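One structure below.
Chain lettering (A, B, C and D) follows the sequence in which the chains are written, and residue indices restart at 1 in each chain.
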Amino acid sequence: MLDKSFNYVTFAEIFTVLSIMLEKPLRGIIPPAITPMIDNDTLDVVGLERLLNRMVDGGVSGVFILGTTGEAQNLSYNLRKELIRQTCRIVNGRISVLVGITDTSFSESLSLADIAAGQGADALVSAPPYYYTPGQPELIQYYEHLANRLPLPLFLYNMPSHVKVMIEPGTVRILSGHPDIVGLKDSSANAVYFRQLIYLLRDNPEFSLLVGPEEMTAEAVLMGAHGGVNGGANLFPRLYVDMYQAAVDKDFDRIAVLQSRIMQISMSLYTVGRYASSYIKGLKTTLNMLGICSDFVAEPFHRFGHAERETIKKGLIELGIEV
Amino acid sequence: MLDKSFNYVTFAEIFTVLSIMLEKPLRGIIPPAITPMIDNDTLDVVGLERLLNRMVDGGVSGVFILGTTGEAQNLSYNLRKELIRQTCRIVNGRISVLVGITDTSFSESLSLADIAAGQGADALVSAPPYYYTPGQPELIQYYEHLANRLPLPLFLYNMPSHVKVMIEPGTVRILSGHPDIVGLKDSSANAVYFRQLIYLLRDNPEFSLLVGPEEMTAEAVLMGAHGGVNGGANLFPRLYVDMYQAAVDKDFDRIAVLQSRIMQISMSLYTVGRYASSYIKGLKTTLNMLGICSDFVAEPFHRFGHAERETIKKGLIELGIEV
Amino acid sequence: MLDKSFNYVTFAEIFTVLSIMLEKPLRGIIPPAITPMIDNDTLDVVGLERLLNRMVDGGVSGVFILGTTGEAQNLSYNLRKELIRQTCRIVNGRISVLVGITDTSFSESLSLADIAAGQGADALVSAPPYYYTPGQPELIQYYEHLANRLPLPLFLYNMPSHVKVMIEPGTVRILSGHPDIVGLKDSSANAVYFRQLIYLLRDNPEFSLLVGPEEMTAEAVLMGAHGGVNGGANLFPRLYVDMYQAAVDKDFDRIAVLQSRIMQISMSLYTVGRYASSYIKGLKTTLNMLGICSDFVAEPFHRFGHAERETIKKGLIELGIEV
Amino acid sequence: MLDKSFNYVTFAEIFTVLSIMLEKPLRGIIPPAITPMIDNDTLDVVGLERLLNRMVDGGVSGVFILGTTGEAQNLSYNLRKELIRQTCRIVNGRISVLVGITDTSFSESLSLADIAAGQGADALVSAPPYYYTPGQPELIQYYEHLANRLPLPLFLYNMPSHVKVMIEPGTVRILSGHPDIVGLKDSSANAVYFRQLIYLLRDNPEFSLLVGPEEMTAEAVLMGAHGGVNGGANLFPRLYVDMYQAAVDKDFDRIAVLQSRIMQISMSLYTVGRYASSYIKGLKTTLNMLGICSDFVAEPFHRFGHAERETIKKGLIELGIEV
């Protein structure tokens, strides 16, 4: 009993320390890391080290693992847990680590969260359950139940193209009142939605509003967003950090130059092939060509073949990048 | 080395035995079982026994666990595995056991499949991965890779409302050529789609075509379907078995009587409340009122409150059922 | 004043006569006629005569002009009005004429309806307004206002793929109480929806339930539908009339033979090309090859080129039809 | 023959004059005018005068009639034509007049365009045909055929929520090469889409990129858009013109103040009631309370009742506006 109480106190203390570590609101570029893999059940740990160190060197504020870009849903739980452990070990407190716990099973979300907390991660991220489509009142109840049980602060994750439901602005407003719900990442690309969030949360300056699509990060930051969770920052972290800073500084000459490059990357590297998986395959192929990690993609997807690799290569050459 | 080879042979033999057990094509009513639960992590084993025994007594051909009606995606893996074990134990070979292994993670699907095979289940069922939307060529590759690795025959599961993609008729036709893909359950409610399947698979009489929505089972069987995976057979298994038999017998007087009752059940018990979860909550509330099992629903959903229970009760009374 | 009153009485009498003419419920095959055209503003009157006479000879109960198959929305109002006039002239009371008045503009719907009534058409058909998506209460109000102003009985037209909204079963039930709303054509292909309609309207035997997709007409009629509005009946009216009769007679041997042929037609002639317009282009190309009418398609679509024509030709040869 | 040739020359000359009048690229605020009506077939001409004069006084660059906000699809063609005539008469060259010719019928689009040209309008606007969903190659062909036949320059109109298809960035790029296609209005609210357009059209500085949703106009202009087609400019034209100018001036303090007010308007006046029509009803009710015009809404919609009016009134009072 003494032990238990002692542990509880210690855990609370750790939690306090972690909470202090997480900037409120979280700002800057937080790349949604791809998951380097050797095969369907094996992490490419060396590749992960190169990927994360490059991000830290590039000036990012944090890293978000096990998101959509990270193929989280396609990975086994063992691999997800290994990724959490290795990421926390490699990052070692240099930047914030956000861990995706999005799951259709409440219990599995909690299990991932406990491992993240145990390894020293800073926050959790969760999109709505994505098999059965919940209504908004069901979503509110779900996130409140979840946040009540989590050992770390939670970011909401709006991703309607994959989960079939928006976390509506009014729902976000209600949930933002929960002490452990500290921000939202929006991947809807819907600028009206995002402006509504900024407006509705104007009295809550600690609530972090982050935007997913890199094409719209500059304008979102100009209008009040706190940062971007941009896939391209896997490839060229410094570029996205510079863009973020240019937007913070309202340096429009610099924004124009950087935005143009970001659009070129987005339109040449993410759109090879015909399916929703083109974006992930494009990122991994590029990283592989840059010598950072394996281009293995988890089932049900498969790495690009020769023709698509050549197209990516051509895109990189047009970007002036040697491969 | 000897041991290994010995085990392998044994396994192959078991597999052969199991394959013989599974009727080809599988016919009749195979209820998609709800999952009786005491709380979010605990199976209601006594309830499960009552549920399954009632199904067997009702004349069903098999039971399908861990489908959409079974809230599979909302359950922890421990609970899913426990459900497989308990179901196989209770059924004990009296009917076929089909186990849902639908998962976004290929590895977790394989893991569930191995447990199902180890416990003596008869077949597996898998809807497409449901977070990232695959294209049809990606689906073909996915199912072929999956079937190559599975220890039991596989049923495809078309469920576009939940997984965002149809398994198109041409895709089914290609996959039906795989020796271990033995059937399809269609929950799209799309009669044109189903007619196209029947037409395209007319040369493959062993391929089982099963229909999900109970409202259309009679007509589907009249036109060549092999059976129904009907949720209402959790409640009144004999009724659905009788309807199936009436359709096989082309006994239209009997069909008219039974169809009318099935429609009354569907329109009064599944549509209480406002969300996609109404159907599952309605089934569980009714089963609870019938004294069969708990009405607990896994997160992110929650059992009906008093008002909805009263509406269900009224529906049952109108059906002439004492509660 | 006398004149006015006299006119009113006359009009009411005519209306009564017309109402008597329309069978209640309307039964059988009512082809949704394609619109034969010479160019974007000119009807192919000779082609229309051949088309309609062939339908009458084939035993259809009526013809439905200005539906989706008729490209109604793509035609100028002058052409629509000319089509109404010519159709009524050619048909000359031999079968019922149903005229589509689906329009986003209430006033234009009324205008088309008045012309239809003036030319001696028997009934009107209207899908929901299709630019702004109405809610169900808005739909109820819309159809009631419309029916109150129409000079002929009205069929509802459920076509969610084109108009973005279902006429939900509860809405149909309410509207079926209006004395001038006499039936519904369902093109959703959703068998659960159609079964719900049959169930909800079981006490209204005069309300005609017609099914659009020819692939599901047989089973719908077996289960209580009154007929089919099947596109293929433009091509081979007798085949669809025979199928309808076989379903009425519950002659399953005959259904099997005819259904197989209908599936072959549907899967070989309607799916050439890649867009939603393939079905209309396929029908018109086939009719052109059969020597019935021009294959001109109204803007924004265009007739098939050589390659697609060859594919259609091949399909017809496989069907044993000389071209 | 001489006459004909003379007319042709004259017409070409007029067209040249008109083309010179239209700023390239068109910049600023171009309100999508509501259509003031007395009843379903009668324009509220006095209301229209007040509405348009207020816009001109507010500093708008043009007015867009017969768009989505203008209920174009719900109006009879007579009313649409009357609206074109009255608008051109009232505006009398003070600002540009853009006329919506969006129609499912190519011929009716041409007919509206001819009237617009005859009355001295400056440009035309067309969303894709919205009943049958065209593919992108069909869209390209459609817009090229249309532009070839139009007497005035054409703006594309991206409105996927109503017409079911995006005019994809690659399609816009191809169409922007047509000499008479001079711009695009985007109502998708998709910021990634809009950034792609800006990037793809960076070498075409005369092509006007206008954004529909007022909530995102400021950021769009900051990033390179030329203006906004904002519904709220019906109510308070000066506010939106000021916002546009603040964005052009990169005056962030002023943007913050104006954006906050625009969000307050949007979230309190457009979201009363439950259907897609709430926005139009909200605009008309507010204009009626401001003493500008009738609040009549064309079928299938209907003006707000007492309760909704009170909610709008409350919103206006909170905005500090006397009614």
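Here is the rule we use: a contact is a pair of C-beta atoms (placed from the backbone, for glycine too) under 8 Å apart; a residue touches a chain by one contact, two chains touch by 3 or more.
Here the structure is a predicted model, which is why all the values come from computation and not from measurement.
Shared contact partners of chain B and chain C are absent; no chain touches both. Chain A and chain C have Cα centroids separated by 51 Å. Per-chain Cα centroids separate chain A from chain B by 35 Å. For chain B, residues touching at least two other chains: there are none. Taken pair by pair, the chains that touch are A-B, A-D, B-C, C-D. Contact residues on chain C toward chain B in their complex (touch as defined above): 189-196, 199-200, 202, 213, 215-216, 218-220, 222-223, 250, 252, 259-260, 263-264, 266-267. Listing the residues of chain B that touch chain A in their complex gives 40-41, 68, 71, 73-79, 104-108, 111, 128-135, 138-139, 141-142, 145, 162-164, 274-277, 280, 298-302.
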